[in-house]
Amino acid sequence: MELGLDVEEQDGTTVLAVRGEVDVYTAPRLREKLVELVSQGKYKIVVNLEGVDFLDSTGLGVLVGGLKRLRSHDGDLTLVCTQPRILKVFEITGLTKVFAIHDTVEAAVAG
Amino acid sequence: MELGLDVEEQDGTTVLAVRGEVDVYTAPRLREKLVELVSQGKYKIVVNLEGVDFLDSTGLGVLVGGLKRLRSHDGDLTLVCTQPRILKVFEITGLTKVFAIHDTVEAAVAG
Amino acid sequence: MSIEPVIELEIPARAEYVGLVRLVVSSLASGRRALAEERIDDLKLAVSEACTNAIEAHHDVDADERVLVRCAEADDRLVVSIRDKGPGFDPDSLPEHPPVTDPDRLNFERGLGIPLIRTLVDEVSFDSSSAGTSVRLVMFCEPVSFDDEIDLTLDDLAEPDLG
Amino acid sequence: MSIEPVIELEIPARAEYVGLVRLVVSSLASGRRALAEERIDDLKLAVSEACTNAIEAHHDVDADERVLVRCAEADDRLVVSIRDKGPGFDPDSLPEHPPVTDPDRLNFERGLGIPLIRTLVDEVSFDSSSAGTSVRLVMFCEPVSFDDEIDLTLDDLAEPDLG
């Protein structure tokens, strides 16, 4: 199972595009990537979930951990997601109130 | 598992387009369709395998049976197939020598 | 309602095999016309969460242990059970998270699996002891389902119209 | 070479479940970088043929019987075995088909499964008795494989160049 992780800079914001399935097997790679970006001083991160086919609670946990880490640097982690089945996981868990979720990368970068 | 079976007439030839997986579970439906066409007096049949993802020996058997049935009516059953993984099954079993296999429906209809 | 023969899938208790379990369950569920795509996704996620827990339960025990997934198909339901030989737990006394509006919420990366399972499937039951845990998930397949019942308003529950 | 833990999939002996077996095997095989897509297709077809035979073997016995598929992963190979409790057979005394150029060939719709299996995988062995049959298929995953060996010409087999 492959997890695609592509990083791009846009107007001073780091956009991390995730592709594939985020689960207990692949989530550690997402966590490492977020830790790496923070250690490089990237404190404004947009995680683009549009290419994600599956996201479970382990993936949610990694995103919560990332947000916490960034907040501690006065940064932010926001999301791009329009897929109903992925949004649903945020809704059920109430995390739509924790994350800013945008429809497009442009909107997310504009903040 | 769905097997798609679409029938079309082209210049006096019946083109049967097969989609999906042809195996022990779905092959009976292919057989029934061929029997039905023959009983309707369709003796020139082109089976288009371009939409087939998987074909096993049960599928081969149904095609051999169809060819035999049509030959007994002085008809013919020819194939359209360019996918290497499907062609391979005909090659290994030597059935490339039994069936006329064409690259396009047009070529098959032209005979 | 007759319970149909069962599919059994046994995997090593390792994270890399959860995807395979999802594949099997969603393939079986896709064969059910009565089950909408959205509900297949729900079942897939619930099974994945339960499998993840089963695998994690073995981390402290024996990495060579195995997780057994059984899928039974009946006319009106799909039943998936996930069994591990981990240390067991009490599903009714799990810690609660701070409300999502509390900044302290960010200190909790875990504990979302079982709440998700409870929301996603029609029925869930846990059978857990120190010898292991079995989680049983039920998804009804009939068009007239649970959801419709829940959507009943008080008016619907009033006296039947005898006219 | 260590044999890794095994995946077991048990299905009812019914045609509708062969697709599930293919899905599981090709998903496992796809996880192996060393296995080219073409060889995954070969393994998938061979497993499918063996499963079909296992299921058909039960038609005369007991429709409630089950077929067990085990997949073992090792560094250099994938091993898939398919076990049934059918009446058994002798793989070495199967009838031969007329040559494909013989018009009589069209009278034979069956009997292609085992020849296909033998061609598609690197190793196959049958263990069959009146209590059932077990077919073991081996696919090597290393880049330097069987094919290269078979491609050796007589020249290659001549005395080594000691220069």
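As written, the chain order gives the labels A, B, C and D, with residue 1 at the start of each chain.
Note that in this section a contact is a pair of C-beta atoms (placed from the backbone, for glycine too) under 8 Å apart; a residue touches a chain by one contact, two chains touch by 3 or more.
Keep in mind the model is a prediction, meaning the values are calculated, not measured.
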Leftover connectivity once chain C is excluded is A | B, D
Per the C-alpha means, the centres of chain A and chain B lie apart by a whole-Å value of 48
Expressed in whole Å, how far the mean CA point of chain A lies from that of chain D is 43
Per the C-alpha centroid definition, the whole-Å distance linking chain A and chain C comes out as 25
Touching two or more other chains in chain B are residues 1
Expected list for chain D, residues touching two or more other chains, is 16, 19, 31
Pairwise, the chains that touch are A-C, B-D, C-D
So, in the complex, the side of chain C touching chain A is made of residues 15-16, 18-19, 22, 38, 41, 44-45, 48-49, 52, 55-56, 99-101, 105-110, 112-113, 115-116, 119-120
Within the complex, chain C is touched by chain A residues 1, 21, 23-25, 54, 56-58, 60-62, 64-65, 67-68, 71, 84-85, 88-89, 92-95, 97-98
Note: in the complex, chain D contacts chain C through residues 4-12, 14, 16-17, 19-20, 23-24, 27-28, 31, 64, 66
